[in-house]
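You will see chain A twice below: alongside chain B first, and alongside chain C after that.
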Partner chain A sequence: MAFVNLKTKMIQVKIVYYGPGRGGKTTNLEYIYRKFHQRIHSEMVTVKTHGDRTLFFDFLPFDIGIINGYQIKIQLYTVPGQVQYNATRQLVLRGVDGIVFVADAMAVRRENNIQSMKNLQANLTSYRKSLDTLPWVIQYNKLDLREQGIPVMSVAQMEQDLNRRFKRPVFPASALKGANVVATLKKIISLTVTSIRSELA
Partner chain B sequence: MAEPTKIDALSVALDKRLDELFHEDEPGFVDPEPGKVEDSPLVELKKIVLSIDWEITPEALDGFLDQILLLREVYRDDKVITILLQMLGSLGKYIQSSRSKVHPATFVVLNSVFSRLEEIVNTPNLSASTRQNLLQAELDSFQKLRAKIMRRRAVQPVAASVAVARPAAQGPAANGPVTAEMLTRMAAELKEMIHSEMHALRQLLLSFVRR
Partner chain C sequence: MSYTLGQKQLDRIEDILKADLIDNGVRCVCLIDMAGNIVANLDNGEKQHDIYSLAALAAGNFGAVDAMAKIIGESEFSLLFHKGKRENIHFSKISSEFLLITIFGNEISLGFLRLKVGESVGQLKGILDPLFSRNG
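Moving on to the complex of A and B:
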């Protein structure tokens, strides 16, 4: 559940970009920050430490103002995609309200996507949350690599692998070029805030 | 549950605010870092090279070698680029196998070869002789590094590991005496490199089949 202060009418929404390593999660946040930082008046924070207590994520907070009487603050996080950083992923998922699953469309990353999705489901279970109930969307990133002759999967293939059961909103994207980065962000904020408001009422 | 009308009103207000905040067509907004690099097939490789510079992880090295394999396929008809990619692949395998024992000059050579590759890929109108000269400079550095690694190994023999493999267009043997032990080790390294290449090729073929 989001952090809600009924007295001050403030809602803090935590959205996590999840997915396999090198899939483009950080690139999504970097694009948003680079393009809109003057408008959202925010700074992007990257935490990179190494060792047993690994914390390695990106953090981009911003305020979208007062909507229907509530001040809404959004916090975007990424998780480290590398397999060995699961403790960090679990930590970042704590208190998550909405998720963007960033899948890597490169054909050689198919198994990584599937494993990452399974890992997400397992980690959510530890917080008694589920992909069946949480607001979340999928972004199929790097589809533009096809133009460069690099083998990428079709959207249909990735839908079959990752979204067959859930039927969540999907966004074919190129985070590097910014294609559908904003559409993904708007959709997950919209779904998540609506879901929180629904729980509050 | 909230009343549907309240939720609808919230959604409308929220969408309107999000459109205001994240409207992308406003004059004065500059596309994020437009330029050759973002349009280049080397984008992913560059990210990995930069990350390796900061921290070497098994995943980064796997990704590096995956990218080399993909790019070799993309540029299979370009001999100069193929040789540069071969050099990068050999350096990647050497770093992967030697880890903490890697020769410190390796990263200088790796960055230099990558910069040259980037220059050649992003400048399609370079003359053949310029391309050849650029390649030769990198081959020389690569050769010198290889000689340093072999000398170090001759002095301090280490457990069997994959060394910098020799690209197809490389020149004559490096300076220094060639011992029987070095030849044996080179043969083992070559064998391992071929094994590794075949494995990567199999993975690539599998990915094509899955498509």
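Moving on to the complex of A and C:
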């Protein structure tokens, strides 16, 4: 639910990183925070459990500059991935404008990815939104683990599991090393801003 | 789904918040939507807060309280208040889409604040309610 302020000429946009627990959503935001800290004028907000898992959400406001005379403020959120925190995931999705689905490429997490995608669809339905119409992209994270001998799924396998129907842009990535983190962010910002512009036109 | 507020509407909102709250001693007042966006923000110039983080947390917190209300069979808790040593925060739901956050010191009583917030909320509804019924 982007808000357009005609007085300050600012558009606030909400982008949510979604996906299974321990998949790398927070790591994406931490990388973005480190990489762009000069442009981010506040601390990254995190609400974690004692076990260092995201309990509520992480939050990172991010100015991307002026487009068509409007200052665009992107608000990045993550959700807690663990199955039991669904009520919180629903809250964070409220008013979402764009989504990055962070899939975990580790072979043992295949079912977690599929369940998380189903959960995302169900939660969006409760807000009368759908993956068929929202701007969103997929990031296949942790592909670098293959180098360490850890069994990792192929992109083709994950495409078959998660993206067969949607054919959305995909980004093979390593959030820890920063590979394709910025490319993922740029793509979702571009898709979301385009969608808001056409909605307002 | 996006929504837009124009200069006139935002000026009117700020006038209401200033006259009812800032001029009556409130340190900071913030009108946000339930997605965590900031619609209007005024302060008395003494202290700057990280209002974007505050808005994100407040929207999430209020959503959580709403969910708790439903679990125990209430339709909503329309008022939420946190007391600190020097600063206090009061949250008031304007509609299903908007929330008013006020930060105030101990020199203002909670009763007086609630009265003034109530007056503001009544006026703000007049501006915000038609906006959302129109936008769906």
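Quick note on the criterion: the second predicted complex is superposed on the first by the 188 of 201 C-alpha atoms of A that agree within 3 Å, B and C clash if a C-alpha of one lies under 4 Å from a C-alpha of the other, contacts with A are read in each partner's own complex, and residues count from 1 in each chain.
The criterion applied here is as follows: a contact is a pair of C-beta atoms (placed from the backbone, for glycine too) under 8 Å apart; a residue touches a chain by one contact, two chains touch by 3 or more.
Values in this document were obtained by computation on a predicted structure and should not be read as measured data.
Asker: Clash or fit: chain B and chain C on chain A?
Answerer: In the arrangement built by aligning on chain A, the partners chain C and chain B fit side by side.
Asker: Please compute the chain B to chain A to chain C angle from C-alpha centroids in the superposed arrangement, rounded to the nearest 10 degrees.
Answerer: Once the two structures are overlaid, it is 110 degrees.
Asker: For chain A, which side has the bigger count of touched residues, chain B or chain C?
Answerer: Counting residues of chain A touched by each partner, the higher count goes to B.
Asker: Report for A:T88: first if it touches chain B alone, second if chain C alone, otherwise both or neither.
Answerer: A:T88 contacts chain C only, not chain B.
Asker: Looking at A:V4 after the superposition, I want to know if it touches chain B, chain C, both of them or none. Which is it: first, second, both, neither?
Answerer: It touches chain C, and chain B stays clear.
Asker: Between chain B (first) and chain C (second), which does A:P61 come into contact with in this model arrangement: first, second, both, or neither?
Answerer: Touch partner of A:P61: chain C, not chain B.
Asker: Looking at the overlay, does A:A122 come into contact with chain B only (first), chain C only (second), both, or neither?
Answerer: After superposition on chain A, A:A122 lies in contact with neither partner.
Asker: Thinking of the overlay built on chain A, is A:E43 touched by chain B (first), by chain C (second), by both, or by neither?
Answerer: Touch status of A:E43: second partner only.
Asker: Looking at A:L200 after the superposition, I want to know if it touches chain B, chain C, both of them or none. Which is it: first, second, both, neither?
Answerer: A:L200 sits against chain B and chain C alike.
Asker: One more residue to check, A:Q12. First (chain B), second (chain C), both or neither?
Answerer: So A:Q12 only meets chain C here.
Asker: In the superposition on the shared chain, how near does any CA atom of chain B get to one of chain C? Answer in angstrom.
Answerer: The answer for the closest chain B-chain C C-alpha pair is 14 Å.
Asker: Pick out the shared contact residues on chain A: the ones touching chain B in one complex and chain C in the other.
Answerer: Residues common to the chain A contacts of chain C and of chain B are 200, listed in rising order.
Asker: Any idea which chain C residues touch chain A in the complex?
Answerer: Within the complex, chain C contacts chain A at residues 1-7, 10-11, 33-39, 50, 52-53, 56-57, 59-60, 63-64, 67.
Asker: Show me the residue ranges of chain A that touch chain B in the complex, using the header's touch definition.
Answerer: 21-22, 30-32, 34-36, 39-40, 50, 64-65, 67-68, 72, 82-83, 106-108, 110, 142, 145, 148-151, 153-154, 157, 176-178, 182, 185-186, 189-190, 193-194, 197-198, 200-201
Asker: Would you tell me which residues of chain A are touching chain C in their complex?
Answerer: Residues of chain A touching chain C: 1-7, 12, 14, 42-43, 45, 47, 56-57, 59, 61, 73, 75, 77, 87-88, 91-92, 94-97, 196, 199-200.
Asker: Can you list the chain B residues touching chain A in their complex?
Answerer: Contacts found on chain B: 1-3, 6-7, 9-11, 13-15, 17-19, 21-22, 24, 29, 31-33, 38, 41, 43-44, 47-48, 55, 57, 59, 63, 66, 70, 73-74, 203-204, 207-208, 210-211.
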